[in-house]
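After this come two complexes, each holding subunit A, first together with subunit B and then together with subunit C.
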Partner chain A sequence: MENIKKLILNTVKDAVIEEKQKLTVTVDYTKLHLLAKTLRDNAELPFDTLVFLTGMDRGEELGVNYLLCSSKDLSKEIVLKTGTTDRENPLLYSVTDLFETANYNEREVFALFGIRFINNPDMRKFFLNGDWNGFPFRKDYDANPELNPLNLESKDIIDIAPRIMEIDGKLVESTVNIFEEDDYIINIGPQHPSTHGVMHFRTSLDGEIVKKIDVHSGYIHRGIEKLSETLTYPQILHFTDRLDYLSANINRHGLCMAVEKAAEIEVPERAQYIRTIMDELNRMDSHLLAWACQTNDLGATTAFIYGMREREIILDIFEKTCGGRLIINQNVVGGVMFDIYDDFQKDVKSFIIYMCDKLKEYDRFFSHNVIALGRMIGIGNLSKEDAINYAVTGPAGRGSGWSCDIRKHIPYALYDKVEFNEVIRTEGDSYARYLNRLDEIEQSLHIIEQLIDNIPEGDICAKTKAIIRLPEGEFYSRVEACRGEFGVFIESRGDKFPYRLKFRSPSMALVSAMPLICKNEKISDFIGIGGSMDYVIPDIDR
Partner chain B sequence: MELKNVNIKGIPTAEFNDNEYLENYIKELEANGVNVVLGKIDEFINWGRSNSIWPLIYATSCCGIEFMATAAAHNDIARFGMEVTRNSPRQADLMIVAGTMVHKMAPLIKRVYDQMAEPKYVLAMGACAISGGPFVNSYHVVNGVDQIIPVDVYVPGCPPRPESLFYGLMQLQRKIKVEQFLGNKQR
Partner chain C sequence: MILNYSQPLEVTNLTSWLDAALRSSLPEFWVLLIEFVLVGVAFLAAYAVIALILIYAERKITAFFQARFGPNRVGKWGLLQSVADMVKILLKEIVKINRSDRFLFFAAPFFMIVASMATFGAIAFGKGLHAIDFNIGVLYVTAVSSLGIIGVLLAGWSSNNKYSMIGAMRSGAQFVSYELSAGFALMTIVVLAGTMQFSTMIEGQRYCWNLFNGHISSLIAFIIYLISGHAETNRGPFDLPEAESELTAGYHTEYSGLQFGFYYLAEYLNMFIIASIATAVFLGGYMPIQVKGWVAFNGIMEYIPSYIWFFGKTAVLIFLSLWVRWSFPRLRIDQLLNLEWKYLLPINLVNIVLMVILVLSGLTLTDLLPGWF
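After this line comes the complex of A and B, so read on.
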């Protein structure tokens, strides 16, 4: 990393480099684009993945934190910080031309903080309606409901995007039409059973070929990050379950890890075992549902019933352990809330045997079905470069040949002690993503097999203070959720509440790649591709 | 009609809560008397209606997954004649609102509700749809779907278990069974 520091100082002389939890570089906003470009194009260790793009209200100034990491080694991380003191008309430079994934994130920052990004081609608000008064995530936001009353009248959608471009050193405000004049546009969503949630895809068609997709989001935006700023750390935990409810336990694990790392709480070994096993059960539960939904999207209703049948057994194990089915409230800061029950090992072992058998059955009756193959092979191609550029992680990213499993790159809990393969395929089509999920179920079974007999005796939760205060600083944690990398960023000012909390949603990257991979595919395949990407919308909208 | 005559799958009336509410509802409906013939035809029609409710799933978040579990083989909603989930509001009798309602979604759910044909019912599933749930203090969340559309049955839980949803659906069946499709003079 010493070379990187030299490189940074050579590029931007007045950059401030700090050694915090991560290497943090603060630069002037005019230099940020140059620095990000240099780091991305660095041949030795390219920082070409944008993991976090976090809007910040630092009191005096409004700014953005970027967490970059290298696509070859995800543990090499660097934080860039920039900001502007102009609160009336804050302007920063966009990095959309370097990292495609920044596009939606910058639009999100505009909606929530009011920061506009120069050179971003589309500066509409992402989550909120265009006429929303105020910027909710600013500390001085006026939450008076009279400013934004409940409106029950449907409005027309205007497909004109404002933007602000720098042309020959001058800032020019202009507008751009999203669609061409005579495009035939259909709305898929927001309430549609096959969009896997309330996402709104405005799709322009040429015959039955998809020309362009414009994504509208925010139909389930609950402002979780803002709500968290008024709650203590143990109180925030339940929000993580309701982000990506299918990987509820893993998300919660991520937040617990961030708090534990910051407060220097050591988690007992027994709790680590329980956490890892529960995470893997959760992953299987999610992949089974994903498999069931994808097959259902392709027209196989029977397969849907089969997937749900196996999933129900995992839910029974969850229920016996902690009483919850979908959202299990198992992880707490310092360990887990409930110990495993007496027959836990027996139940899990019999499930492993049962599931191995069922995986063969799935393979036999769906994975080689001619109709299914015709609708998956070569459909929805995502290249490795695009996967990195859009930061598409999880089974979808690994289906494009990108090794992006956080469990391998930055091991947490017990993942460095168990043996498992990172499932990677290079085809990048729907079928690769489909097979990846089934193979990951197999790997999860293998992980649990190694742990289930060795659970040590001991405490299940470390003793924590009644009120958990985090020291001042910035804390990140990254875990491998079912759909990809889930991240937590906490900025603490020494209080029992976070000053700013940000969740990195894997599904947002998946959806941001949808317009790219659906282009020039048939409209009927759009649903199938969506099923193979397996995004969860409340995770995006937060 | 008396409440004890409202049979749901052989479950006695005493096992249900909210019986008083339903009794008052019957009293209100029968205030002007019931025609003997039409009353009997009503009972027959309502038997059919209550056992073939076609739901529209307005699922926005976690509760939608629990509905899927309810509909799949293990719990099997087909036992209640409700497996025909409709994606078009024009074909649906019941809207199951499963999940949080936010400001951006509010006009849309109103529009979908208006497209449903009478008689129509709404079931609010989960804490968010009832009151805003854990997100009640948020700037963007509507505190309960009943601020937008009228609700017949509330099913608490976060998310509710399939069994709770069945209980709520049976309560709705009971409500439908005491209604007067033809006989009510006030119509």
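After this line comes the complex of A and C, so read on.
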């Protein structure tokens, strides 16, 4: 990393480098693009993955934090900070040309903080309507309901995007049409059986072929990050379950880890075991549902029910452990809330045997079906470069040949003590993603097998203070959720509330890649690809 | 005479008694009028009842495939569930769609139901249970059943809904393609049987079903007919026009209440019609299993009423269709058309020629082994 520091100072002389939890570099906004480009293109350790793009209201200044990491080694991280003091018309430079995943994130920052990004090709507000008054995540936002009254009339969607481009050193504001004049546009969503939630794809068609997709999101945006700024850390835990509800336990694990790291709380060994086992059960639960939904999207209803049948057993184990089925409230700061019940080991072991058998059944029933193969092989190709560029992680990213498993790269809980394979396929099509999930179920079973008999006795939760205050600073944590990398960023000012909390949602990256990989595919494959990407909408609409 | 005593359960006895009773007291014109009305009413009733039974059967069988219970609340074993559903559908409001083509929108379901009803009339349910018995029965069935597509296309067009439109266009492409295959497969058997009249064709299969008579060629035709018939009913892996995970409900998205009921009914009845035509053409229709020379065995088989044979054979084919439907994922439109135009159609054309050769050179089973079949 010393070389990287030198490289940074060579590129931008007045960059301020600090050693915090991560290496943090503060630069002037005019230099950020140059620095990011240099870091991305350096041959020794390319920082080519944009993990977080966090809008910040730092009081005087509005700014953005970027967390970059290397696609070769996810544990090599660097934080770039920039900002502008112009609160009336804040302008920063876009990094969309370097990292495609920045596109939607910058639009999100525009909607929530009002920062516009120069050279971003599409500067519409993400999540919010274009006519929303004020910028909700700014600290001085006026939440008076009269400013943004509830509107009961339907508004026409205007497919015109404003943008601000730098041409020959001058800033030019212009607009661009999203669709061509005579496009046959259908709305897939917000209410549609196969968007897996309240997602809205405006799709222009040429016969059956998808020409272009325009993603509209935010129908269930709840402003969880803003809400969190007035809640204590144990209260915020409940929100993580409502992000990606299918990997509720893992999300919660992520936030707990961030708080524990910051407050320096030691988690007891027994709690770590329970957490890891529950995480893996949760992963299987989610992958089973993903498998089931994908087959359903391809029109095989029976396979769908089979997936749900197996999932039911995991949910029963969850229910017996902590009373919840989908959202299980198991992790708390310092450990877990409920100890495992007496027959837990027995139930889990019998499930492992049962599930191994069922995986073979899935294989026989669906994985080699001629029609299914025709609907998946070679469909929705996502190359490794694109996966990195769009920061598509999880089974989808690994289906494109990118080793991006946080459990391997930045081990947490007990993942450095157990032996498992990171499932990687290089085809990058729907079928690779499909098989990856089934194989990951097998790996999860393998992980649980190693842990289930060795759970040590002891406390399940560390003693914590009644009110948890985090020291001043910036804290990141990254975990491998079911759909990819889930990240938590907390900026604390020494209070019992976070100053700024940001969740990195894996689904947002998955959806941002959809327009790319669905282009020129048939409309029925668009649905099938959506199933193979397996995004969950509340995770995007935080 | 002996046959009459040996078949006490045949409906023919009832119908001929009724005919005789009417003729003894009324002039010819009134007899015919009353009989026509009775036949019409009987068909309408049968149409609804068969659909209800099929819906119940499908739900139960599917539940069995999918490790579920299926309907089990309304009535014993959920037997009254489809009746309850029918009552619900009759009571539902017919929604008027803004900016739709009102006339075509209302007319579309009737095309669908009339086409399937007209085909239904040509089915031989049993000995004497046969309303229309043309000498060109096969041609009539092929022609009339393809009218249903007009209903689908009109529904898609008049709904003023883009999903419906895509569904209807898919349906159009699918119908036109698979109608060809189904027609050719039937023609293959017409070559074998030497007739287009259903009753003659069934009578000709007394000792040897057409499926076995033309061995290789018949088997190919049978498989092709099942595939394309399945495709024509818009079910199973061929349900692209409705494709609920893509197009919500395809061409009938905007329909509600009774109009939706018409489509629903027609879909199930079309499945039945396809199966019953396959039964008549390939599996000997209402003919019991008969073996040349085994008089006692034949007598026992004859004792089972012909309509039981018909419904039994049809049920087997319907079960097959359900099995396929609930096992396979959906095809994509280009795969669907590939299957038809690149595989089924060429195979079919060759198959007809093969069948002609078989028949002309006396290689059918009845020619080869006249003592057995």
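Note that in this section the second predicted complex is superposed on the first by the 542 of 542 C-alpha atoms of A that agree within 3 Å, B and C clash if a C-alpha of one lies under 4 Å from a C-alpha of the other, contacts with A are read in each partner's own complex, and residues count from 1 in each chain.
Basically, a residue touches a chain if its C-beta (ideal position, glycine included) is under 8 Å from a C-beta of that chain, and two chains touch if they have at least 3 such contacts.
Everything quoted here is computed from the prediction, not taken from an experiment.
Shared-chain residue A:153: touches subunit B; no touch with subunit C.
More residues of subunit A lie in contact with B than with the other chain of the pair subunit B and subunit C. Once the two complexes are overlaid on the shared chain, A:192 sits against subunit B and subunit C alike. By the document's definition of touching, of the two partners only subunit B reaches A:239; subunit C does not.
When the two complexes are overlaid on their common chain A, residue A:349 makes contact with neither subunit B nor subunit C. Touch criterion met: A:372 reaches subunit C, while subunit B stays clear of it. After overlaying the two complexes on the shared chain, residue contacts for A:305 are found with subunit B and with subunit C alike.
By the touch criterion defined above, A:523 lies against subunit C but remains apart from subunit B after alignment on the C-alpha atoms of chain A. Of the two partner chains, neither subunit B nor subunit C is touched by A:408. Touch criterion not met for A:125: it reaches neither subunit B nor subunit C. In the superposition on chain A, the residues of subunit A contacted by subunit B and by subunit C overlap at 192-193, 305, 309. Per the touch definition, subunit B reaches subunit A in the complex via residues 57-62, 64-66, 68-69, 72-74, 85, 87, 99-100, 102-112, 134-135, 137-142, 147-148, 158-159, 161. Residue ranges on subunit C touching subunit A, taken from their complex, read 62, 65-68, 162-163, 166, 170, 237, 239-240, 243-246, 248, 326-335. Subunit A makes touch with subunit B in their complex at residues 127-129, 136, 141, 143, 148, 150-155, 190-193, 197-198, 218-224, 226-227, 230, 238-239, 242, 245-246, 289, 304-305, 308-309, 311-312, 315, 325-327, 537-538. Subunit A makes touch with subunit C in their complex at residues 184, 186, 192-194, 205, 208, 295-303, 305-306, 309, 365-366, 369, 371-372, 374-375, 522-525, 527.
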